[in-house]
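Below, chain A partners chain B and then partners chain C, in two separate complexes.
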Partner chain A sequence: MNTCQSTVLVIGGGVTGLTSAVHLAQQGVSVVITETADRWGGHAAQLACMATDGCVSCGACVVHSKILQALSHPNIQMCLNTRIEAVDKTERFTVRLNQGHEIRRIEADAILVASGFTPYAPHAKPYGYGRFANVLTTLDLNINLRRHTVVRRPSDAAAPRRIAFIQCVGSRDSSINHLWCSKICCGVSLRMARRIQHRQPDTEITFFYIDVQTFGKNFEMYYADCQKQIRMIRTIPADILETGDDCLNVSYFNPDTQSYQEALFDMVVLSTGLEPSESAGNLAAMLNINSKALNYTLNPESIAAMLPESIFIAGAALEPMSIAESVASAESTAFSIFQYLEPSQVMPS
Partner chain B sequence: MRTFYEAVTGDLMREQILLLGNGAIAAGIATSLLSRKIPVTLAIHNHDAGMLLKPLAEHPDACLLDIRTDTRVRHCAGTSSHFQIVLDQKNRQSVLDCSCIVIAENAVLTSCISRYGLKPSSHVHVLSNFFQNYETGSGHLSSPKTVAILLGLAVESHPHMAQTAMETALKLRTEHEMGMDICIFTRNLKVAAFGLETLYRKARDAGVTFIKFSDASPTFHQQPDGTVDVSFTDDISRIPFTFHADITIVDETVAPEPYVQELSRIFGLNMDAAGFAQTENIHRLSVCTNRKAILVTGGSRGVLSEAACHNEIQETVLTILSLMKGVQAMTGHKAEISLDTCIHCLTCYRLCPYHAIVLEKHPVVDSNACERCGVCAAECPRKAISIEDLTPSAISQQVRQIRTGISPASVTPMIVAFCCNRSAVQASHQAELSGLSIPEGVFIIEVPCAGGISLEYLMAAFTGGADGVLVVTCHEGNCHSERGNIMAKKRVGELRNMLAHIGTEPERILLKTIAANMPAELIQTAQDFKRRITNIGICNR
Partner chain C sequence: MTSPESISMNGLNHARFQSWPFDQNHCLTCAMCSSSCPVSGIDGFDPRKIIRMVSLGLEHPLIESRWPWICTMCGKCEHVCPSSVHIPDLIRNIRSMRDREKVPGILHKGLAAALKTGNNLGLPKDDFIFILEDVADEIAQEPGFEGFSVPIDKKGANILTTIHNKLVNTHTEDLKHWWKIFHAAGEDWTVPSENWEGTSWGMFTGDDPAMKIMVGRIADNMARLDAKNLLWPE
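Moving on, here comes the complex of A and B:
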């Protein structure tokens, strides 16, 4: 291996960071990848498989092969439990890494920010999240399904018979200045709903929504099936109250009857949107880049135009993205980085 | 300047790329490859090179570029090590040697005019080229007052189409004859792309009316003068309305270019339901196909948005560079055909999911394209194909080894679980990480793909002492070899029948599909199966 080759620091060990790291490493670039958590794979590694009779292409399982690829590549140094503490730029970047027990300094020629997203925390919405045991987010339910294979109510471990999904919680919402569609949530919820019905066929599911967003290549067919099996109501509920037996009373305006209505559910799933990563502001400050680059308000082209040439951003740090889109973004950005480094290095590995 | 791969290969001309396309993505890929001194043959099936391809002639390395118009691919022989492509240029055929093929054709937009029961007229336009037609006069009307945009009413729409619709409405509303009434009629307004929610709000605030339908649909009545009456019951107020549209703008559906489907057949690519040259299989992310070194990008794989164009170009060139470096190669022993036993029945040639078998004097496996799935070896009627570490006797050996480790006095049944490396094996690692363990007596034998689990494997497990055999493979649609899991299912079914025939319980064998992120299910499957076998009883001691 060439000793004077370039080094790239990848911040974030989710699908995007891992994919970029592997591609860069394969091109002979040396990579240091950092992750603040104590495990690899980011949000994707928490997700359950949504297959029913066959794969529904949610993409979550790809993360495991990405982790294996990264771990086995000699050009990649992997640092869990690691925070970026300071970044200095002279000719190269000098980055101080806090690894809990020790502080390390590394040098890098380019930095890729793959810090991903933070799921919207819906405590402030009138849905009782955090107060009512049986109100969950899609991420909560995902973690649950991965662990237990079937759905159980947190309050009493009973199988819920009536489940409501509420879409756009924290997305398309001017009251919190989230003027974006989080793109992935319709797919997440509908796949999850069908997956639950596949294992627990007696489950009645109601889906409260604004507009169902297209996902996947077979959307049309999948959606037609969903419309047959799921009660679709085009409204966003007003609020939720808990009943004495831990059920949930959801009130909403029913567009069919043009009237206010209430309905009881055993469990309510909030389809929470994506927010810029909670570390975004801090990272932007350390990297000395405009914080707008990491707050979902600019399109990727404008962001690329305002970044210094040695700093790159990919994946859900740029805008809400599915797993497949994150892989694409990671590959494309790995290529941009490679192009930037190319004159100085690039030797056969 | 020597590029890195010249240093590797030392052989420039062999690394020829065949690029098929005539749009922005083809132009971008060609430019990027040329700047890396990689020679490109650009075959365009139309008569003219598109506008975007013109500047390529000015490229400093244009000598490495061979542009051929009116040229179609007729035949493909060989594999990723060396493709031989028959190109047809106005009935003149020639053979091109290349190491990589990129399909970068645009998608085709088809107007929904007839789906809405409308006829083309100066009052009815198509969304994607509305301004072009409208402003060049043919469709220009004196002071139209009302505009209806029909979006996703016949077929579910797409963010790309929604964006065009909203931009068109906003432009008409703010830049053209002021005071026009513009209505967008839609079902699910697709805003799942950057900036569309803000665009929607901007259009709404500028006075564009959005009328959304859930179950009901509007009806269209076209007047003799070509204008259209859109009648509907408003979803919210339940009041019937008729909107008389001086101009109606109709959306389009997206389909693959018919040539892409022809190419898919020639190259043996698995297509998706719509006919794009890439299935939704997650192993194909982002621009790969079932064939090594045949890539598919942009409109040929169903990606439409202009914003994604730049990404598509970069992903494609990166994948080409990786292929050239050989970094994506599957390591390990590859399939080999024994010429002594082969009777040239070509079963392997037909079944190889990767088209890694080349017909020379005899069928030969191209080790570069072989992915070790074992489909050929399992299906060969003469048993003429083997993969060194995956022969039935190698499997038999593994089973015997497991058996010797078990005490003859043990009352726990011995279960062999054939696990696919890409799903079940990873799930078992995930299980370990979360503190779940495979039940005692269940032994995993890892295989690269369930498509290679032959009847001999299954028999070897039973004859080697297993009381039950579990086959755990990927979900349908998630198999790297596309159909390996389905073949495994078929063989398990066959063995069940055979077991029943010889008086052994067919329940002793089970196939389950699982994904890498289903650790809990894997453990549960193993536990349930172990319980089942315990109930049936130990048969082999």
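Moving on, here comes the complex of A and C:
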């Protein structure tokens, strides 16, 4: 099967890295894929399926088949708990890998950066995250739903009857230098809200938002249904206080009544944005590429134009993107890598 | 103006506001300003809408509106704003565009009195000194404060303190806390007999020349009395 003599190092074992690795391996390329964590699948592997009466295309199921395909492919060497320590480039790349118990050196002809994203940690925002037990992020709630299938409040394991979602926490926020829309959060929150109501129909959900980013196939129709079931308020709250019984008193300006209001919720979910991977700065330095390629300030076309021809970036390392978009990005980047390694085997377009 | 229906789109003036440096055009209309504001909703007051009106160039309705005068300039909106719009500065600049005769009464009269007499109340110097000494006498009768007096116009003091006009009007008891702390700390302090006003309503009315005069008088007091440090408790 190993028809090609080239090796590609894939940095990052999330949905993007795994998808690219499988595609390259299927073309006969040898792949070494590294992951700093102790498991495969990145953030995507922690997410719950959001299906209600049918599939809502959340993408949570995709990553597991990618993990299995990668693990079973003979052309892929998989390295968990592995950090990139140094990268040298002469004819080929020589890369030093730190695997905790040993240091390894590998050689590669191309490198794919699939380092993904880091979820924004909203401790500094005025919502009591980290102090109030029942203030969660969408990722926290997603993990919670995956484990328990129904929602329970962290403080007392009771089913929350009133849940608020607050959008854009850590996105489009110049005070923390996050100038980007994280793009996926509206869909993530709305799918989660509808999935909760599907299992727990008595749950009242309030959605505080600025504007809803309806990216993706059929989202507009899905959104129309959401608006019937969810109370939509075009305002972002600025204060949350915890009550004696672990409920949350959310204060906000109601644009419909032109008045300041307070409302009680059993749980508040912060729709936290994406930020570049914690390792992005380090990776850019080691690869000797412009740090702007990995800090969400440029569009993918500009980034591609500034990279050396043997280094590629795909998925949420480029910009915030959904699981489906990450898969598409991984597939097209795998094709570009193959084109670079084996130009004679690719039909000219 | 209490509802959006009363906002007219006639007579927009984009040019005036475009030069303002408050980042108002970065506003995403998230409304965290309005949600955090302690006075939002009073007469429909909505900081988000004010920023929008500025972006649109609704100059005349803004200047004539009561809304900019409802703001307390506390700055909480600016603290939470994800677009770092300088909302209190912007509101102050809207206030500055209003005809001075139309500035709300108490601020307008108080500032006029301050410019004329040195304090917002128009309190004569003799009455001011009488009130301070009266309060000092009351302190001197309390155990541990025997012989206490208020050092007025003392030269070379370490601290010169201004006085908020309400402390020599309705809240004289509140002078005592400061003074007792100075006494207990053995602080070398003084109060100027003239131009002692610490509340600058030029700040709240958007009147820069008036603010400059008020600040200048405090600087003059510092120089005249050769004070080392200024304590300016607004």
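Rule of thumb we're sticking to: the second predicted complex is superposed on the first by the 336 of 349 C-alpha atoms of A that agree within 3 Å, B and C clash if a C-alpha of one lies under 4 Å from a C-alpha of the other, contacts with A are read in each partner's own complex, and residues count from 1 in each chain.
Here is the rule we go by: contacts are C-beta pairs under 8 Å (C-beta built on N, C-alpha and C of every residue); 3 or more make two chains touch, one makes a residue touch a chain.
Because the structure is a prediction, the values reported are computed rather than measured.
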According to the stated criteria, A:Gln258 is in contact with first (chain B), second (chain C), both, or neither; which is it? both
Can A:Arg104 be said to touch chain B (first), chain C (second), both, or neither? neither
Between chain B (first) and chain C (second), which does A:Pro126 come into contact with in this model arrangement: first, second, both, or neither? second
If we overlay the two complexes on their shared chain A, which of chain B and chain C does A:Lys89 touch? Say first, second, both or neither. neither
Broader residue contact with chain A after superposition on the shared chain, chain B or chain C: B
Who does A:Ile236 touch here: chain B (first), chain C (second), both, or neither? second
Quick check for you: in the superposed arrangement, does A:Ala48 touch first (chain B), second (chain C), both or neither? first
Now for A:His198: first (chain B), second (chain C), both, or neither, which partner does it touch? neither
Scan A:Arg172 for contacts with chain B and chain C and give back first, second, both or neither. both
After superposition on chain A, the chain A residues reached by both chain B and chain C are 172, 174, 234, 255, 258
Chain A partner contacts - residues on chain B that touch it in the complex: 4-5, 7-8, 155-159, 187-198, 201, 212, 214, 235-236, 238, 272-274, 276, 279-282, 285-286, 302, 307-308, 310-312, 314-315, 317-319, 321-322, 325, 327-328, 422-423, 426, 429-430, 434, 474-478, 513-521, 524
Enumerate the contact residues on chain A facing chain C in the complex. 126, 168, 172-175, 210, 234-239, 251-253, 255, 258-260
If you look only at chain C, which of its residues touch chain A in the complex? 2-3, 26, 28-37, 40-41, 44, 46, 48, 76, 80-84
Using the touch rule from the top, collect the residues of chain A that touch chain B in their complex. 23, 26-28, 45, 47-49, 51, 53-57, 59-65, 68, 146-149, 172, 174, 179-181, 183, 186, 211-221, 223, 232, 234, 255, 258, 299-301, 319, 324, 327-329, 331-336, 338, 346-349
